[in-house]
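Going in written order, the chains are labelled A, B, C and D, and every chain counts its residues from 1.
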Amino acid sequence: MARIPVAVLGATGTVGQRFIQLLEGHPWFEVAAVTGSTRSAGRTYAEATRWVLDRPMPAAVRDMTILGEDADLTTPLVFSALPSKTAGDLESRLAAAGHVVCTNAGDHRMDPDVPLLIPEVNPDHLDLIDVQRRRRGWSGAIVANPNCTATPVTMTLRPLLDQFGIERVMAVSMQALSGAGYPGVPSYDAIDNVVPYIGGSEEEKLETEPQKMLGMLGDDTVIAAGFVTTAHCNRVPVLEGHLVCLSIAFTQRPEHAALDAALRHFRAAPQELQLPSAPAMPLVLRDEVDRPQPRRDRDAGNGMSTVIGRIRTCAVFDYKLTVLGHNTIRGAAGGSLLNAELMYARGLLT
Amino acid sequence: MARIPVAVLGATGTVGQRFIQLLEGHPWFEVAAVTGSTRSAGRTYAEATRWVLDRPMPAAVRDMTILGEDADLTTPLVFSALPSKTAGDLESRLAAAGHVVCTNAGDHRMDPDVPLLIPEVNPDHLDLIDVQRRRRGWSGAIVANPNCTATPVTMTLRPLLDQFGIERVMAVSMQALSGAGYPGVPSYDAIDNVVPYIGGSEEEKLETEPQKMLGMLGDDTVIAAGFVTTAHCNRVPVLEGHLVCLSIAFTQRPEHAALDAALRHFRAAPQELQLPSAPAMPLVLRDEVDRPQPRRDRDAGNGMSTVIGRIRTCAVFDYKLTVLGHNTIRGAAGGSLLNAELMYARGLLT
Amino acid sequence: MARIPVAVLGATGTVGQRFIQLLEGHPWFEVAAVTGSTRSAGRTYAEATRWVLDRPMPAAVRDMTILGEDADLTTPLVFSALPSKTAGDLESRLAAAGHVVCTNAGDHRMDPDVPLLIPEVNPDHLDLIDVQRRRRGWSGAIVANPNCTATPVTMTLRPLLDQFGIERVMAVSMQALSGAGYPGVPSYDAIDNVVPYIGGSEEEKLETEPQKMLGMLGDDTVIAAGFVTTAHCNRVPVLEGHLVCLSIAFTQRPEHAALDAALRHFRAAPQELQLPSAPAMPLVLRDEVDRPQPRRDRDAGNGMSTVIGRIRTCAVFDYKLTVLGHNTIRGAAGGSLLNAELMYARGLLT
Amino acid sequence: MARIPVAVLGATGTVGQRFIQLLEGHPWFEVAAVTGSTRSAGRTYAEATRWVLDRPMPAAVRDMTILGEDADLTTPLVFSALPSKTAGDLESRLAAAGHVVCTNAGDHRMDPDVPLLIPEVNPDHLDLIDVQRRRRGWSGAIVANPNCTATPVTMTLRPLLDQFGIERVMAVSMQALSGAGYPGVPSYDAIDNVVPYIGGSEEEKLETEPQKMLGMLGDDTVIAAGFVTTAHCNRVPVLEGHLVCLSIAFTQRPEHAALDAALRHFRAAPQELQLPSAPAMPLVLRDEVDRPQPRRDRDAGNGMSTVIGRIRTCAVFDYKLTVLGHNTIRGAAGGSLLNAELMYARGLLT
């Protein structure tokens, strides 16, 4: 079977590099084009890219010539690793021109007719594509994946909301350095330190994106889930893996065993469809008292699982627990890729 | 004026080393005796101590012979840096024998007749000493300082409870490695990692000690403050300085300016009495969006101030903010020392 | 084909864990027994082991009962991850009893009749086994792998000594924390710091082991190679991967291209025999100006390659360069495993 | 006594910040002007500066308006924290206009008529100022301090060259992140890693600057010292403090005790003149087997001492040892400041 050619926008940055890495040897998709800034365009990928990942650059892209960001693309599927703010207009133009754009950028996430998608959480939101096309007159489409911290939090909340209802969430994150891109956080700020702030309205995203994803699909839009979240976001000296402490007030307080079972047995569309990048277990529960830990647990399910631990009673809300997600795999490029795989399996890429 | 001779129990450990360091050149107190484990007893302090602090070992103690832990002491004032569980009985014996014991250990903290003391927070709790002596028939006394994370949290809550009332507190800590002593956390667990758990019932301490300190002194005991706290405690790769994210629900929600002013203008007994180790400002407010940071702010007020920042509205409670305290100075040896200074100023050491 | 059952001595420590990890799914060998300290004996491997590696514990060993260190073993092949000094006698007894012991411990390394073996460097030294058996009356044998820093240095020197002769070597190492085992280096010593010293006569090992391995096999012993080495060993805050700066004075100074080619084209017995753990390239040359880097290059060849970079003229000797080896894979358990694979391929395990 | 007004060029960068910090409360000099890039000019120092040091910004400079880099200055003394390459021409113009420029930049360091000065090493090289003025027709002057790694190496070699003669030096550095300025090294490159390369011809500087400083002053120029140095420079995850492993071949190999004494008893002009920033001991010897360590020893002598340890026999040269210097204090701003203090004490600033 011929693989679908794909383009990666912003392919030289850290998220772009993750796309390139995750697409290496992919059974359905094949990198056919890469774009970059004016500085990079015209050079080969190997020349223009300061490759920062620990595994080597895939051979297949080394000699690919980088296109300018506004180049005419011929691939039906486009992955966008563009930075927010510059991504929005370009992605719209590509969707208007018939491309399906799976984007990691924040610009369109909260557009009412754009699916903000985690395949395990809200696969039905893909129906918004019809609304989007009708309203905007596009033949293509934009599908966004959420913020890297919102991702593991929302995956955790999905079965809990369904079974017990959720009223209030308190979330305090300890986020990895890679979330700031490259060069990102100066080492002089990072070592022996924590920075209790993350720019780009990180806390607001964590307070609003989960509600959209966990919302009900109405006629033409999503009715956001009704719980309230407060977020504190911190940068810690960790390379990869965002850790989040959660306290949750439920509509109906479950027994501990029921809470545990709801998380442990959670499976969803990607597992049923056996999507290539889907982890066998979307939620991995660790029983040890000191897990999850970013370095030891971020690669669970090849970086596509959310790892959960320390489930215990909360003196203020009902339960507290700790969740971990790999921020540049499931929380960025891997999330977008899984979205595209779901669309492919649903026949939306043909 | 002759300085009061003091003994330091457990003087070779990390908290013991901080006592030795902070007592160097102290105007009121002078190290006259140091005790250590069986392994150390009989050797000089310089020989027996694996000195880990960044400033050099004070010359005055280098040649002091380490006494056994059950040696007869002649100093009226004793600082205890003993580990919890082994500390309790020994401290009781010393108090019975007429010594005033200022202890950093946890064993007696929640005893109803033992002052759990932060001089800025509850100096009146020193009146419990009379109760303690009466009940136990002691001529000495035990005064405890709180857990290292509870310290900056309680200092922050003091003016807020007084002016606005507090109902609920959510606290998530990112704690420094030095809190685990030496050798403490293996580097193989610490680098590129966070451990979402701290042994020794750390979360329980943070959920109960503040209420005792912020409680009202009744006839013979303290009536604990009525608010509820939930705590998540994490170990991060930081050398010194515990950072805590707080969300607070007040009895009467203050305006932002009133909240800010309550913190900014807070002064208390140590400042009025100009105790030698008292910081000019017990609470230091930073207006920058990304402060406090452990490495850059832990030394505020020579490690005796609590540094506060990021005061903003909380979507679930009323306000959220971030606080920082130096865990081995104000949160341990420096806290005990300030307690002793308050007792001296109040005439309780003569 | 039935796999050869093997025992792992000292299986619960960090090197022991690496043996367990590397033996998972091995085509020739199968873990049949694990031994541990008195504290661990009798418990299952999962219960007794504080597993510290980033990938999970292999399922096959979880329920294996740990034997005492002096248990009677029935496996023909034994891997020893015992600490030096306690290893020596026990290994001798096992060899006397007919076991082939591939050991990572230092005790027997410099014994004249014990092969100190890197399969790419001195496979012919296996002939010492006959000497060893004859002299000691053993039916088994002991084969040692070298010190973790000596390993990449010796692999680098092999083709250079052969082609150009070596007179003098200056080696300055920057060694990873995992080299000290677990708990090993306290985090309070490691963060924002370098310790310019490594215990256990590390520098002496680096100054003598390469000469033995690179020596000529005489009648009954090895005539050590004649060059002189000086070593400075440092501990840096890196998790895995020992980096070494080398300056080398050659007998015949090669052209840069010849030096480069000698390293780049080096292949040896493990590659020819296609041993299961052999890397395709024993020496990997990086041309970038800032490589090798521990985090980005330690996994080359699954941690079995030595990575070399920065080859340039030395103002004092002839050339200087930087080499890197994975200290707990090739430099410890993986090195022992490759030794056993070579013995198997040579028919020495039957 | 009125203090001499000084200007700091490039005052907002990390070296500039160190100048500002070290000049706070200086007995002889007073910051009267600060310059910055076009982006900063016209703003106050507090507004324009991303202050990264751990101690707070001095109050005296907060409201000072930043001048453009080519502003007319009226201060007799100018400290230059400009980056190399942009510094050279501007410094020449200022010297021509009558200013004494003490510069940390590399541009003029190797000019034959510019003193490359460490007051403990070559105070007599100040005589080059006459040559400089005569040749260039300047009324001011340029005096440079050396590279941050060359500084502790040269201080160490001074008494050794004088007493024993030096033939060859092998130097391998482990350099702190702050040496790269701010933002400098990305944290994603620094954590769990070493980068075996430092840009800006770091190794060449370390191979040539010491010889100039240790050279004899001839009629109109310096005759460089005759020994040969080879350097390997590495970046390690340390905040401040450059550590260097040295192997030295002497003209006359000293006894260990004589070598030790030569270092331990070394005193020079700054100590005799009691310059305000001079450390009591320019060279501090540590006898512990595992010192110097960057974090624990960099602040010796307020960051102005070189700390030396691990003196032992070298198998290839005569001796090996490890030295440490604080790279942004003695190795940059503090070095320049001490140079100015020497000039003041010698009457060259009036």
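By definition in this document, a contact is a pair of C-beta atoms (placed from the backbone, for glycine too) under 8 Å apart; a residue touches a chain by one contact, two chains touch by 3 or more.
Predicted, not measured: the structure shown is a model, and the values here were computed from it.
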| item | value |
| --- | --- |
| Of all other chains, the one whose Cα centre sits farthest from chain C | B |
| More contacts between chains, C-D or A-C | C-D |
| Distance between chain centroids, defined by C-alpha means - chain B, chain C (Å) | 48 |
| Chain centre separation in whole Å, for chain D relative to chain C (CA means) | 42 |
| For chain A, residues contacting two or more additional chains | 189, 191-192, 237, 239, 295-296 |
| Residues of chain D defined as touching chain B within the complex | 54-55, 191-192, 295-296, 299 |
| Residue ranges of chain A in contact with chain D within the complex | 14, 52, 177-178, 182-192, 237, 239 |
| Residues on chain A engaged by chain B in the complex (per definition of touch) | 168-170, 172, 174, 189, 191-197, 207, 228-230, 232, 234, 236-239, 243, 245, 247, 289-296, 309-310, 314-317, 320, 322 |
